[in-house]
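Structures incoming, each one as structure tokens.
Two complexes are shown next, each including chain A; its partner changes from chain B in the first to chain C in the second.
And then the complex of A and B:
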């Protein structure tokens, strides 16, 4: 059987339009990417796609305590259960709808699959000239066992508006769940958007997360990705800057252990002059975990005066962990300042010794240094509860009872 | 930017683009050439012409068969019209094949060529203490200092002589670092290589002089398939230089060399290259395709250091690599790659850490001007057993003009938790304030750029042996004078 067959037989039950049929066929022709694809060189889906998944959603029940347990407790929550929107906040200037189909310019195999058979997700439109102080929390719950679900979301931010999101995908049973997720964020002129992704799903969850951000002039968009849970996580984060004075910010913290795998792929496409991008990804690897980072910065011809910075720092804390990193620069304009840095190493023995000689236990000393390492990226998150959560999860992962939020 | 300034910049850029290739001329020497094309027969002819033993012919035929099954790679970030491999002459040797002990016996025509290149062999011989194995169209015609070297037990000869005289060494080490099937070009080279250099440094011997080879593509339409094999036995030390210039031609010429270095326990090899093949004219017509496979293996405590200054060739595809097999081995890579006009370069290195406590350093400096594209592509791989390994990589790019591109594709793979890897890359142009600072102090714009570029490349140029450092600096000046960033 395998996933491809599940998809085929599921698609036969759907009444697909000609266009969607075409997208599905191009996915079926290409199949899931393999390690022969340069973009998937270090990331193998081979084992995952031999398993059977149910693609149909049976909407289950979620109790209030489930929601409280898994949310950060923000007032404005957008809650999905097995793809069905069960709760959405009412805020002036904000229009929230359920799944509304839209076209995307991204048409790789995974995106084609998403475009063809997805019928879940949200569409959020923010009016012009509005600063939304409240943080919008988006929660996706899965109750169906062995489920392969697709989400397709669009956020459109009107001119001069500001908004912040926190998002989490949570599996409520112990079976393997597979999510193919896509969000497109359209930032109009002079907007300010922050999107926080908390990836702390159950230990056998699989996630392919795609985010495409299209920015117009004078806009600022930040996407922060915190990976603590899940078995297999692949993030594709793409920024496209169409207009001058755009700023794109990416912060990532991955803390992995056991057999966890996480792959962060980022791509910043500088198409206009006078723009900036900042990228900071920190990885901490314990147990037999494996990390991948691929960051590409593209500066198009005539996109002068670009400042693009990228850094990827990794701590390998166990001998069975590994990291493959590929920072890339493609520069076609001369008056730019672009740089990337990548480091892979361990905690400094001298620093550990210093702390231990002052009575701090080895675990605590390691945790403090690891936190110091990750904090540079965590500090860039502006939503306080998310920052706090990152600190707590870090302490939890490192098995220490420390409060970093001093 | 004011229009006037723009104009003067354009003018300066124009000057650079229009500075014609200095070394473009052809020497008229009778050549012994076989017809175009590649087939099993051609491989047999090459082998027969060189009077090779059966094992060598078998090796070539095996390589040829492997090549037939392989496809030309296209993963590099370069675009060019793929050469028609049936339109290349695979063997060309100057007809007189003199075995020379002194330079006086050299063909006067050929001698003139070297003189025009500004390389006086006599001078090098006397002053610079360099033994030169000149390879002109594939067959070595002069071999100086052979006797001096022979006293120390050093074997330095053409690879065809080595096949005749030292088959046991060639058999043991040929293709031990770059397997025949390694890639499309190495397979092609293994099948048809016409000549190249062979060097063996015995145990504990420190080579008393810099060894150097001088490559030149001469015959029109002749592909050069050089094969270099350098073996440094336990505890030995050698510094090897390789430099090249090629005459001006309108059709693309193919150069697919293979260089293999073997550094046995405690050995030390330094391999320096100045590459200045014909880059094509300002419109991007002609120029050499340079598809080179260079790789070295380091055994225990051994060290291999690659230094290269790449200014020529229309398309360069070159990754001098180190396999750090033994414990405490050291690999180094220092590179300056300059591209101008329509040149394309995809170059870098691979550092493969297998032994414990292995160290590698990568310093790559790219300079792109005109409409050219420069790429750095590198791999640092630290395997599970390579504990306490260390890598430092730095790749910087300098852009001159707004039509050129510079790209980096580093791959970093780490599989243990006691190793440290650092990688950093920057891309920028020469700051106007930097030039202004020099102007203010009475240094002209041209000189200021030369100064800045020289400073930028200093880390690499410092690694070159003296005589090469001078040539390299001259090359940088010729390639870049007048390009205001």
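And then the complex of A and C:
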């Protein structure tokens, strides 16, 4: 019983290489992290891993309407059903393959688990000197009940190329699903990449989402994370800058209610001089929801002239919601500009009265102010339908019928 | 249109309004003047429904309806509008979006469909001309980084858009230079009709040179101690408040 035992028995049916066997054993020795680990201090997997998840995927069926209902409807869609790639777009300069193994540099227990027995995912390679105008939409559907699944993806962007993604993981049944997800993004020189994550899964979904971004000089990469759904979400977003004039951007919006939990752990490793990072996370907490933010910025000894900005703003809209927020700056260079700020607050009563006196009902006024609060991060997203989706989901979550656009 | 009877109200245990009586009919302009701390802003806040203030006794009826029973948004839907002395900054919401939301919320309460965006923009354009507001203003965030004068002009712009029955202008002249004052007053005068009424709350007589009141009331220590025609404002400008307040102090001592 329990997830670890199920993983163990599943792995015995596999013919693993010595290396993968080693990775698995090191996961099995260590187990899932507990709140004794500094990085998991406020985030407990204890209850989750006692559940009896099945590991094997049976590939189910997904109807066209499922796809329409759960996608933003972009023309170029990469669609996975229970780990199997069923559809992939054909675009000049873009090579898309199913699971292709690669080595990752991150080797904590969860990444070892992913590296050892994961055999699903994609590999996308973008040629040099190509600007892909079309948005690539990546959809992962799960139809198997009480399923533990893993994905291992790699995106490699060639020199001087540009591309944008929208990604979503969707459970199509009401059972608990657990996804351990990993994407490595390699940005070559002078590339521009935007990756939008829509985390709006069913109310009993569990997600550990790991993203490692490696940047070379003159590259810009943005990862935007919208958390509206799911029961438990842990994001580990890591940037490593190797080369001058890199820019790393992170925008996050979490709007949680009931018993939802979401943890955003970010890490920017400034290894080279003359680089920038901008980080803006906005959290809105209703009901008994709980959030965690941990933003680590490391500036290595030779990484001079770094401009790093981090902000984490939180709105607690109920008595029982909570947030643990921790900025973590380690600066070993002396000529850098690093700023960070963290706020935890409520809606401004004066502003609420002002709006009510203009005929805007109290719930709508709260929604407008909440939208105004989150909009700074939403506005940084360049893909218009994603912005619109964020606005609609926010209105839905706050139970108002409002359109924030004009 | 508005009838206030023996209104007593305050914040927590501090009684600020000590029995206000006021009758305002459609088509009228009333000025409420008085020294600092006399309760002018409290009166406007209570009419608009600010929940920070507690009404102890008395009543306010607005077109035969008990106003005190209504929430601030319901009062707005019925046609009450308060131009704030200190308009609130709301970063993240554009002026156009804010006004669109308030107009459509009012329409929703009246059982109407949202105003089509095209009509709304046309209406905004017209009202902007009326108040000499420059292009680009609509996309700015609500009052964020606005100068004092711009904030006040924005209040009157909202008033023009919402077309209220009763407008309360709380110290609208403060922070306005003479040109802005003229434009704002001109806007208010053009919006005046036989169906709506205006309460102008002000310290100085200056604004009343541009918005001519039918009645002037002096509020002092939570009571209206003198009422008269527009000539009363001139008298106050000349003689100050002392000559009336001393008498009142004696009477209520």
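We adopt the following convention: the second predicted complex is superposed on the first by the 406 of 406 C-alpha atoms of A that agree within 3 Å, B and C clash if a C-alpha of one lies under 4 Å from a C-alpha of the other, contacts with A are read in each partner's own complex, and residues count from 1 in each chain.
The definition used in the following text is that a contact is a pair of C-beta atoms (placed from the backbone, for glycine too) under 8 Å apart; a residue touches a chain by one contact, two chains touch by 3 or more.
Model, not experiment: these values are computed from the prediction.
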Review point. Which partner does A:304 reach: the first (chain B), the second (chain C), both, or neither?
Key: first
Exercise for review: State whether A:322 touches chain B only (first), chain C only (second), both chains, or neither.
Suggested key: first
Practice item. Once the structures are superposed on A, label A:351 by its partner contacts, choosing first (chain B), second (chain C), both or neither. Key: second
Revision key, fill the gap. Between chain B and chain C, the one with more contact residues on chain A is chain B
Check your understanding: Touch check for A:29: first (chain B), second (chain C), both, or neither?
Key -> neither
Check your understanding: Is A:12 contacted by the first partner chain B, the second partner chain C, both or neither?
Key -> neither
Exercise for review: Could you look at A:64 and tell me whether it touches chain B, chain C, both or neither (first, second, both, neither)?
Suggested key: neither
Exercise for review: Please work out whether A:335 is in contact with chain B alone, chain C alone, both, or neither, and reply first, second, both or neither.
Suggested key: first
Review point. What does chain A use to touch chain C in their complex?
Key: 348-351, 353-362, 364-365, 368-369, 371-376, 402, 404-406
Point to revise | Complex contacts: residues of chain C adjacent to chain A | key: 48-52, 71-73, 75-77, 81-82, 84, 87-94, 96-98, 100-103, 105-106, 109, 117, 120, 158, 162
Check your understanding: Once bound in the complex, which stretches of chain A touch chain B?
Key -> 38, 42, 301-302, 304, 314, 316-319, 321-346
Review point. So in the complex, which bits of chain B are touching chain A?
Key: 75, 384, 397, 399-429, 485
